Amino acid sequence: MSKALPYQDIQTIYFAIAAVVLPFAAFVINFLFLGKSKLSGWVSTLAILVSSVLAAIIFTRVWNVQQIHVKQIWFRIGDSYLYTGILLNNLSVLMLGLVSVIALPVHIYSTAYMKDDAGYSRYFQYLSFFCFSMLALVVMDNLILLYAFWELVGFSSYLLIGFWFDRANAVQANKKAFIINRIGDIGLLTAIIILFNQYQTFDIERLFKEGGLIASSTIKNGLWISADIQTPVIWQYIACIGIFLGVAAKSAQFPLHTWLPDAMEGPTSVSALIHAATMVAAGVFLLGRVYPLFNPAELTTLAVIGCFTAFMAATIALTQNDLKRILAYSTISQLGYMVMAMGIGAYATSLFHLVTHAFFKCLLFLSAGIVIHQIKHIKEDNNLDIDPQDIANMGGLRKKLPLTFIATLIGGLALIGLPLTSGYLSKEGILITTYEWAQGKGDMMLLVPLFAFFTSCLTAFYVARMLLKVFFGDLNLQFLNPEIKIHIGDGGWRYKAPLVFLALCSLFPFFSFNPFLHEETWLLYGFSAYNSKSVFDIMHIAIPVLVNGASLLIIYYAYMIYMKRSTIVLPQSGLLYRLSFNEWYIDRFYNRVVVKFVLVLSDMAFWFDRKVIDGFVNLLEKIGVFTAGIASWFDRYIVDGILHLSAVIVQAIGGFARRFQNGKVQYYLFSMLLAVIVVFILKILIWN
Amino acid sequence: MNILTLLIFTPVLFGLIILLLPSSIRASFKYIALLATLLQLGFSIWMYLNFKTGAAYAGINHEEQFQFVQKLPWISLDLGGAGKMQIEYFVGIDGISVTLLVMTSLVLVIAAIASWEITSNLKGFFALFLLLDMAVVGVFCALDFFLFYTFYELMLLPLYFLIGMWGGARREYAAIKFFLYTLFGSVFMLLVMVGLYLSVKDPVTGNHTFNMVQMMNPKNYIDGSVFSILSHQTILGMPARTVGFVVLFIAFAIKVPVVPLHTWLPDAHVEAPTPVSIILAGILLKIGGYGIIRICSGIFPDVAYSGAYWLGLLGVISILYGAFNALAQRDLKRMIAYSSVSHMGFVLLGIASQTAEGISGAVLQMVSHGFLSTMLFFLVGVIYNRVHDRDIYNFRGLGTLMPKYTVYVMVAFFASLGLPGFSAFVAEAFSLAGAFKSHNVNGLLPYWMAVCGSVGILLSAAYFLWTLQRMFFGTVSLKGGDIWKIALTDINWRETLALLPLALIALVLGVMPSLVLGKINDSVLALVQFTQTVFHR
Amino acid sequence: MITLADFMIVSAVLFCTGMFIIVSKKNSIQILIGVELMLNAAILNLVAFGKYDRINNSGQMFALFAIVLAAATTAVALAIILNVYKQYKTIDPDKIKQLKD
Amino acid sequence: MSIVQVLFYFMGLITLASALTVAISKNLVRSIFMFFITLFALAVLYVLALADFVAVTQIVIYVGGILVLILFAFMLSGKEALAAAQLQSNRFISLSNLPALLLALLFLVVMINVIFKADVSNLQWIKEANGVKNVIGSNESMINNIGINLMTRYLLPFEAISVLLMVALVGAAHLSRREGTRI
């Protein structure tokens, strides 16, 4: 420990360490010793239970009280030291508490939900590992470790999405999730490297605290000036873009959102914990951590992208038939709200929405899990060939699954943002702040609150559609297959307790005793330093009234459509419908253009490698062989040839001479005479 | 007895024993080889533990700071008027060598374990294996250029035969390609070596010397000699020192390998038997990186400084190009071979940055890649041994058939793609950080290089995950049908014995990089200090 | 007046005829005849020049010697031919190729 | 043109014609007889060259000795020789004879050339001989002179030749004796 701390703080730190490490210990125990045992679920649950208790204690000790930061040297590289440490401030303890508190019911739920699965222990290994990474992520005090756990969170998400690794879709989805997350990771890594280069430290506190290194650096004349380093300002933008990529990948913001709907291939309990409540919130958490880095223009961009994501995801959710996909898009949409809130400066409101959303979305997913589970039961009991997640098959489950219905209803209403729910508090806060923010920015920026309102209305519609299709009316399955037997119910306490707990947390009293005014939420006081102070005016009443009124109207409209089938329905073949149903063709675009492009590029690279580089090498080789051939030819025919030629000449002369030695006396005579005559002739011709 | 000498020559001793033993007990050869490598590992671990750190033991260009030094006259010829020819048996290590030595010894143990699969001509195989063992260890220890070169060349011969005799279908092509490539590099290296020899005088004895440490001191260069910095000699119109650097760099770049000199690697890997692949990827490539650090930037720091941009560029190209190529492969071994190209690109990028972070990252990456590529090739060997096929498309759903194997594959893959917690992450992150920082520190590399380099991390995720998804996940479906299904048994204790230490080391190095960085820091700092000051006017 | 040149031309033609016979004929006896023709050509020359040595008669004297010697050689040659014929059953010199290497 | 000259040319023509017939003739017997004619014609030519003694010797030794010897040899050599002789190419100008013919013609050309170039009639010693009248007259006999010279001036060669002749005769006798196993 670098500095002397009071005993209680040291204890807090140990608590924090224990809270983080316990799930890891559970993971190790499960991995090493409890390979097949059902005990593993309870080990993990126990670990997370203790973690959440510790987190609660830490929360009470740190929240709005103090900030604790301890660090220790991890290793030295060159001249710079890397530290490992724990930073407990309002943000991290909030997240610490949130993650462990959400994880606990999910664990309990999972022990029941996964009980028949062959990979039960493996599931809890992964889950514990995820909890460890996520908890560590929120308490780490430096960017490198933050990044490390950031990626480990992605990795555990990868493992969990591909939990049923023999399903082709699941492994496609987890690959996609990891790679898209990798894009974000690279952005984040680049940003971290840029910051390291600029400030020579990874320490979050030193960088981002009030009056810290970030705050004291300036941008002037196209240069980004910190204490002793000047960098072109473009690198500040790139750092922000990098962080945004990280956020977009983790929190499923446009354009990197496409992995999240596919990630629903994992077990539903996983979707509830990771892809609704915690991991996807890590992006927003990261934004919260590095908030001071962004300048107003960048924040505006952030707001616009968040708003766009919210709107886009909501439109897609309108037409999806897969229960989990609807929820996934609604998650994207709500995350868009959070990012937008960060962008407009509603730091605290954004985090508030994060928290409320975590609860009600987790609740929704767990309920959906029960619904799907039960439909699957029906499917298995009756050997039907249906998709258990398709809401077209459902209906009327209200009576069969009363608790689930109530839980879903509470979650749904919170998602819409109707009063008395926690969602109302946080969402209205965002909408109001958006409106206030846009007021001073010109007409274009008014589009942001406008779209935010519109998205809210859309939310009301798709939530209503989902609720109506699942719980109201009659069970479509029965309608289609009248003879099926149905034995379903809410399930045991391990299903019910988490639902009840989360449903309670999704109601207003948990956050504020005033069900209508979000300003009175205790959570907001924790971040007063960042949150833009807003004056209380008429809009604070007008906007909620307006939005809720519109929502109610929409719900009524949906009710008319789906229950009474009396109202005009938008055509299901129009451009808008197809756009929505096909998820704006973004995935298809990625597959057809980006992935193809990369694959083509890699094929080209390989072609280049084989044909050009290897071709060149082989050409050299051929030239070599050819030269060698020439050399050997030369050797054989020229060098040896000369030798052979002289031999041949000698031989020829010999042979020629030999022919005179044919034993014929006359021939000898003839030759002799010939020689004589030649001498004579020469004598006459030449020497005369 | 000097521990380094012991370390270098232990394997040869065992190799001789194997040669002398009758072939009738050939089954015991692998145990003898394993014993030799284990003994070597013991020595290197002892050295690692006794290795002193601190600025006073930095090494690099201070002969007295090297540790475990042994210096004996080896070839000493009186050439009359031309002075004395002075070649020494001079071995010693500093921070950069020590970690690589430990890595090498461990990889050799694994390679020895992997040699269980060899069934033909065991005597020849293990004798060559141990000869190779000696040569690679010798390269990391040698401080005399002539000795270095001797070991360097000595590696080629056993490798050529190991690939050419125990390899796959196209082994002869691969062996020849490998041999020619590396020979091409080293022949020119010989010329530069001689040039350096003629340029450098030992200040004590006044003779020409092959001592590499002496070569790093500009004062030892004879005025007007070819490589003297002051004389500005030229070769073919280019500055002589640049030519010398480039030639040496090419020699080592072939080993690393740097695009476009890499094409021997996939062929050699694909055709080589598993233990040779392991040695190739685990150790040989590191010799390239080590050579660039110790010799290229040690003896020609001025050129390394001025040419850093191009080095970095080659590094980035290697990263991206190797990654793209890996993405296009369908042969598992070839894919891993290309991924090696990509990962070694980080080494080059780190070295080019000439920052402490970059070079430390590069060395760490070499160590990490040594373990990980060993693991990867061992894993490929496992599956190849069972069904004699490596085509990614021919497998599906191995995760169900071979769960333990899949766990190791996942560990190896995720460690390779730079998952935090494994060694490659720290190495790659700091290589990139160093490359990025370099612009501010010494202005060598532009910012974008680091950014482009990081894209390589993304691509490595793409090809590893694609392979995982294609081969290991999904429902079981094999090209060879039920025969394969029976053949594909999960890993046995021997394979576990090889894989588990590697996986643990990758993990431990990821969590505690100080195990490596602690030893190399002083040397790296000294090197950075040295390259930036010594040869600059 | 018969000039020396006339004799010599006759002798030359005779000589050449003899030579032709020697070289071309496939019969040892004919070859012997050729030899005799050539000798005679020589003798003719000797005789013709012998006209200009009245005192010593060297030309005629050597002509006589030559004739006598020719007789002797012919005798020996014929003996050889006969022996060869006994040995080889032929007198074609082409068939007798023991000298060939 | 005197009668002597005509005779010379006539005899020369006979000599040459018969010699050529010897050369051309494929019939061995015929060629031997043609040779006989040649020798006679040559004897006449010797007479014309004022060497009557030589001419006589020629006839005696050649015609009487050598020719008979040859005929005997021919007869002794049996049928095969005869047949072989018959087998010879009967054409004078044939490919196998061509080299020989060419050679002979070349020699002829060269010799005639030499003869004309040498201008034998005007040789130094002939002129001198003419000067001191050391020329045999057409009406004097040289037999006396030859006999004296043979026993005085050319005694040594005469004796040497006699020895030689004896050796030759011994050799001929040795060769032709009937033993056959030797060689």
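Just so it is clear, A, B, C and D label the chains in written order, and each chain counts residues from 1 on its own.
The rule is simple: a residue touches a chain if its C-beta (ideal position, glycine included) is under 8 Å from a C-beta of that chain, and two chains touch if they have at least 3 such contacts.
Note that this is a predicted model, so its numbers are computed, not measured.
Student: Can you name the chain whose C-alpha mean lies closest to the mean of all the C-alpha atoms?
Tutor: Closest chain centre to the overall C-alpha centroid: B.
Student: Starting from the Cα centroid of chain C, hunt down the chain whose centroid lies farthest away.
Tutor: Most remote chain from chain C, centroid-wise, comes out as A.
Student: If you average the Cα atoms of chain A and of chain D to get two centres, how far apart are those centres in Å?
Tutor: 129
Student: Could you grab the centroid distance between chain A and chain C? Build each centroid from C-alpha atoms only and quote it in angstrom.
Tutor: Taking the average C-alpha coordinate of chain A and of chain C, the gap between them is 124 Å.
Student: When the C-alpha atoms of chain A and chain B are each averaged to a single point, how far apart are the two points in Å?
Tutor: Centre-to-centre distance between chain A and chain B: 35 Å.
Student: With chain centres defined as C-alpha means, what is the inter-centre distance between chain B and chain C in Å?
Tutor: A distance of 98 Å separates the two centres.
Student: Two or more other chains touching the same residue: where does that happen in chain C?
Tutor: 19, 23-24
Student: Would you please write down the residue numbers of chain B that are in contact with two or more other chains?
Tutor: Within chain B, no residue contacts more than one other chain.
Student: Specify, in ascending order, the residues of chain D that touch 2 or more different other chains.
Tutor: Each of 99-100, 103, 107 in chain D touches at least two other chains.
Student: Name the touching chain pairs, please: which are they?
Tutor: According to the stated criterion, the contacting chain pairs are A-B, A-C, A-D, C-D.
Student: In the complex, go through chain C and note every residue touching chain D.
Tutor: 1-10, 12-21, 23-27, 29-30, 32-34, 36-37, 40, 43-44, 47-48, 50-57, 59-61, 63-65, 67-76, 78-83, 85-87, 89-92
Student: Which of the residues in chain C come into contact with chain A in the complex?
Tutor: 19, 22-24, 31, 93-94, 96-101
Student: What residues of chain A sit close enough to touch chain C in their complex?
Tutor: 658, 661-666, 669-670, 673
Student: Residue numbers of chain D touching chain A in their complex, please.
Tutor: Answer in residue numbers: 99-100, 103, 106-107, 110, 113-114.
Student: Along chain A, where are the residues that touch chain D in the complex?
Tutor: Interface residues on chain A, with respect to chain D: 670, 673-674, 677, 680-681, 684.
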